[in-house]
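Just below sit the structures, each encoded as structure tokens.
Each of the two complexes below includes subunit A, the first together with subunit B, the second together with subunit C.
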Partner chain A sequence: MSQAPSEIAIVPTPQLAATGVGPHRRRLQMGGEGVAGYLFLSPYLLVTAMFFLVPLAWASVLAFYQTNGPSSRVFVGWSNFKFVLGDTDFYVAVRNTAVFAAASVLIQLPLSLGLAMLLSSKDGRAKNLFRLIIFLPNLVGQVFVGVLFSILFTPTYGLFNRLLQALTGWGLDQRWLDNPSLVMPAVIIASLWLYVGFNMVYFLAALQNVDQSLVEACRMDGASPLRTFWTVTVPAIIPVATFVVVTSTIGSLQLFELPYTLLQEHGGGYGPKNSGLTIVGYLYQYAFRNGDLGTGAAVGWLLTLLILIVSVVQIRASNLFGSTK
Partner chain B sequence: MKEFPLGNAALAMLVVMVLSIGATLLVPAAATAGKPDLVMAIFSPEHVAAYRPVVERFEKENGCRVQLQLVDQKALQDRLQSSLQVGADVPDIVELLGGTLGIFTQARVEDVKLLDLTDRVESDRLKERVVESRFGRWTSRGRIFALPHDVHPVMLAYRRDLCERLGIDVAKLTTWDKFVAVGRTLKDHHLPDDVVGRHYMIDLPYDGSELLKLLLLQRGGLLFDSNGRVTFDSEAAVDLLCWYARQTRGDNLVGYSAGGGQSFSKSLIDGLCLFYVCPDWRTRQFESDAPSVAGKIALMPMPAWEEGGRRTSTWGGSGLAITRRCKKPDLAWKLAMALYYDPASVAARFPETNILPPVKAAWAYPPFDRSSGYFSGQAIGRSFADLAADVPRDYDSAFTSQASNKLVEAFANIAIYYSANGEVGLHDFAAGELHRCADQVRRLMGRNAFLTTASAEAAR
Partner chain C sequence: MNGLHFLLASMAVVFVSLWFVRSKAAVVFGRWTLLLCVAAVMLMPFVWLVCAAFKDKAVFNEYLFLPPLDKLNSQTINLDNFRSLFAPKQTTQGPVSFWRYVVNSLLLASTGTFISLVLCSMGGYALAKFRFRGRGALLTYMLASMAVPGVALLAPNFAVIYHLGWMDSYAAILVPSAVTAFGIFLFRQAMTAVPDELIEAGRMDGCSEFGIYFKLVMPLVRPMTGAYCLISFLGAWNSFLVPNVFLQTQSKLTLPVVLNQFMGVYQRDYGVFLAGTLLAVLPPAILFLAVQREFISGLTSGAVKQ
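Now for the complex of A and B:
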């Protein structure tokens, strides 16, 4: 049987003896170190338990109840899940969220990577300034961007429409937030402004790790820039790209504040035909506007399951992609 | 001095913890010592400012203390809902936004956490003194749970100067048909100093939003009937949504969505839209958002749906409720009467808010006959008071916001259909869409275990 750390015999060394700390006190300190460690950890553990583990467990229970606020509830079994899975609005929310997530991966990330490559080049004196400018929108948050773009997208008088008109001769009277087919593009445009700079920072860091001797070797062997990018740069940034793709997708699946603030005055808060309704928006509607935390919890679990599946698929796909390189 | 066994950092953490717990226990005790007799939560800063002198007088006359709390509307609604449900501390009196009573009455009548005011309303014969139709939205299963603060009749505000120059005689715009007919001529009608490409007859939100309900009420339709049943798939609603699609889409449209805030001000100043739907409370917005058009704006009654029909509707509103946890309900009622139904007091308040009070005796006071420089010298108080008796009755439900959203969703689909197919099959499509959306709300209501008992009560 192994000895408990507190009972390890300590042979006093001259240095220890000089400190005047006796064997009994040292034993206390050895045992105390373990206790002290847990005490120092306790704020984190308490907060995690109180605001993560307990709500998680409670949400599992709540999903089987119908509630009218926090205190009144009735057990309904699987009824909340059946209702949500039979509700056409839920599928509208899933479709909108999927469109946004796809746009995040297919438009936002290539743009971020492109900008990162431009700004990681050796020449260009103002590149730090541009890095800052492109990253800055991320500091203000989704609510600010939502409110800002709701003004920019105003027909006739909005800055965005005026810019479109000046550049293309089209778009002055476009109703981005009132036209069901333009709502999601508007949300995506606003999110590009917000997140492109943020993801660019990850790619900038990843590009620092690309082995320049390999790039140089490719160049000397006569490889085109595209081939160099595909055979040297891409494999080197795959781990970071996987991380960015997975976190962007998870973030996209949790989208709420941006469309919610952008569409406050349009189509009852979620855009015409619920064209801006997301899964979390749907959850918010049931849990906090209707006061039915049970249905909200059921939606939360469905969303968790969806995120889990998508993340696993993405990670496996990137592993596969990485191993073929 | 002996050292703390786990070191100074742990000692510091312990001290902070003890201080925090001590403060948490002591602060509420200190707060309780100076607790006022009544706490009233209000979401409108204008209301707080207007009530303050009345409350000061009330405190002197009754030897009590009243605290007015200004709380954001959404926060007030959410916190009140949660606090009432868990039995936490709540204000004695709350001002609720119209359309939200249903959230608080989603239970058996005896379980509703707001005080039932029906007997007090009857014993004080309030229904004779106050515009009776305004109690509708504050009533659930025949019981009154809040007092109406306002009437909010709706008129049309218009650019008088531009209408005169464009040859529009507003006196002849007695029906919506006539209004639309004049509006269609505007497409080719320009003034030499126009700063806009064309004038539109009226500001109509592209998605319908609040205006659909307002126009539906004017047409005799409702979202819910007095028993809380969904009724927004009525024939009146079908006709209205088809009409609204025609006025906001296609080549013959007469409406333009001016939006809110700066966009609205610009549209008003530029004369992009000539007419604007204007309940009494919005007149203040006109004055503050577009002062440069003072004297160029005037008010007229809404056109009716048929000759001789109703020429107003209603938009917005708030009501005063007393919570069941109020320890001095008689004092709270007395304050409510002083704030809402003292004719001299509410008449004196009118110039500050332009909101028509529902107490009829107040309308005889001079402020209602005072002419407004902004509105071309019209006595706007009198104009709104003259329409008050015609304001349609409205009912509330716990599902008002869902029903409003579904009405807007139905309209979005109808508008898309109209843009693609014109009049062909429009009526049938609109009826189908409204039924589908109304059925979704019915399904939602049907699965609500808490409302089922309330509905069964209503049906009895």
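Now for the complex of A and C:
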């Protein structure tokens, strides 16, 4: 990693230089490429050392200290981890985050796939326009969606409440952001609007891998559309679907900005009774509001561990599923 | 029963009657109606936002979108929201104009995008076209580093930034994100497709390694450059957590941080707040329209290779 360019330049051994044929001659040139390569990569090496490796090492140390701001600290052993794992608020945060992750995978991804299938066939301009419109909310990001939807959910006057009333005759006076049992549904609705188009793009790409002649053959043989979907489409999109499931789960587990801004005026960013508190919200509160970087680092480790476990399980499961097909 | 119900019911009637005449036509009709409904849902908050920003305070809640035509005049639709938005506000640290936040955000996002474009493409070029010792190990390391979530390291990063003396400075935001493993991978992917012969030819003609990268290879990966600029700009423009943690002086804040702060201030005056939100949404929209073709093709080509 941190080898100086000058050390790498001297690659060839005496034997290599002496034979001087084909592959060895190519090796000889590598000296020059090594210098250039490390020079081109030096900004990355510096930044990653300073803001990834050092913090990574520091995180291991910090998690065992009680801190009050970045300058004062006392060694406390495992007690940060013990405190977090014994804190009911932490479990509230884990539950909310898990609910959100489950909703992303079970509601949002099927919707994304459905939209992609509606938009996948060839014919041109109109569909491109629809793709663009559905992708549009991704330009504005979590914070803007959070602040916008906090007003759309206003009782009586908010766009969402009025639309719900017009459609179902219910919901005009619902206080979405003040009712603990409606806070997570509100967060999920806002995130659906934001992210459904993003994952649609991946599924659109995946659907290009579906063999159209197989689909045609299924139809000739009189297979139902549902059966065609399960036997032809699903196996073809499994690799991309796995990727999308894993990345959106990882993203969901790091949810913070959307609920924090949506609920800014409702429980200080965490919702009434912490009903919108997420794991990263918990980390943020301890590390930067309470100045306890040690607890923040401990939560960081726990989050990393959780993400690692969930990703491995998902990839394993998809391999099993893929091989039985 | 209202207008919306009537519309949905008539669509259903058309669908069912088409189904009996020609089921294929019904499927086509159903597909396009569904798409139109989805598009309406996606666009509605944006349309609402534009209307809300121009609506007068007095009629803000009276009309859902715009006032009816006979009430459409300068009493109901005007620029008052924008005027009061840009009037310098007294804060605990002296008066600050909204322009200040717009300029801060534009400056930070465009500088950050430019720096990371140059540094990531350089790194990507080295990994795509140079053979050197440690290259494989470096690639593995980069992949592994991408698996660690950024927020998990935020607390120790805070300590690093503090000890560097970068608290409340833009360096705390620009430097750590100046070059990322993700960006390098994107450019490596695109640059692997550039033919080696071209680079050899450049060397024969006495072009320097940096010249080859800058004059020969970069022009060939323009689609990826466009896509990366958009991704990077959006990321920086929408970034909230990092500036919120590291910036303290009011006049240094960026739009997302300030909008979040304004929510409490404009409780009774949503129009002003939404005028600010509208302005904050515009720059990414303009950039997107400029590079959208590259962006979609860049994204899809990346996804197919997964």
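Keep in mind that, in the parts below, the second predicted complex is superposed on the first by the 288 of 325 C-alpha atoms of A that agree within 3 Å, B and C clash if a C-alpha of one lies under 4 Å from a C-alpha of the other, contacts with A are read in each partner's own complex, and residues count from 1 in each chain.
One rule holds for everything that comes next: contacts are C-beta pairs under 8 Å (C-beta built on N, C-alpha and C of every residue); 3 or more make two chains touch, one makes a residue touch a chain.
Keep in mind that this is a model prediction, so the values were computed, not measured.
Three-chain overlay on subunit A, with subunit B and subunit C in a clash. Of the two partner chains placed around the shared chain by superposition, subunit C is the only one that A:Val143 touches, whereas subunit B remains out of contact. In the superposition on chain A, contact of A:Phe288 is made with both subunit B and subunit C. In the superposed model, A:Leu320 makes contact with neither subunit B nor subunit C. In the superposed model, A:Phe40 makes contact with both subunit B and subunit C.
Touch criterion met: A:Tyr202 reaches subunit C, while subunit B stays clear of it. In the superposition on chain A, contact of A:Met220 is made with neither subunit B nor subunit C. Taking subunit B and subunit C in turn and counting the residues of subunit A each one touches, the greater count comes from C. Legend: residue contacts after superposition of the two complexes on their common chain; A:Val76 is shown touching subunit B, with no touch to subunit C. In the superposition on chain A, the residues of subunit A contacting both subunit B and subunit C are 36, 40, 43, 70-71, 151, 157, 265, 288. Residues 28, 32, 35-36, 39-40, 43, 66, 68-72, 74, 76, 79, 83, 88-89, 151, 154-158, 175, 178, 180, 265-270, 272-274, 288-292 of subunit A are the ones touching subunit B in the complex. Across the interface of their complex, subunit A is touched by residues 2, 4-5, 31, 34-35, 38-39, 41-46, 48-49, 52, 61, 64, 119-120, 122-123, 125-127, 130-135, 137-138, 141, 145, 147-149, 151-160, 162-163, 175-176, 178-179, 181, 184, 209, 213, 234, 237-238, 240-241, 245, 256, 259-260, 263-264, 267, 270, 273-274, 277, 280-281, 284-285, 288, 292, 296, 299-301, 303-304, 306 of subunit C. The residues of subunit A lying in touch with subunit C in their complex are 1, 3, 8, 11, 26, 30, 33-34, 36-38, 40-41, 43-44, 47-48, 50-52, 54-56, 58-59, 62, 70-71, 115, 118-119, 130-144, 146-152, 157, 159, 162-163, 166-167, 193, 197, 201-202, 204-206, 208-209, 239-240, 243, 250, 253-254, 256-257, 260-261, 264-265, 280, 283-284, 287-288, 293-294, 296-297, 300-301, 303-304, 307-308, 311.
Every residue of subunit B that touches subunit A in the complex is listed here, in rising order: 5-7, 9-10, 13, 78, 81-82, 84-87, 103, 106-107, 206-207, 209, 257, 259-263, 266, 272, 401-402, 404-405, 408-409, 412-413, 416, 440, 447-450.
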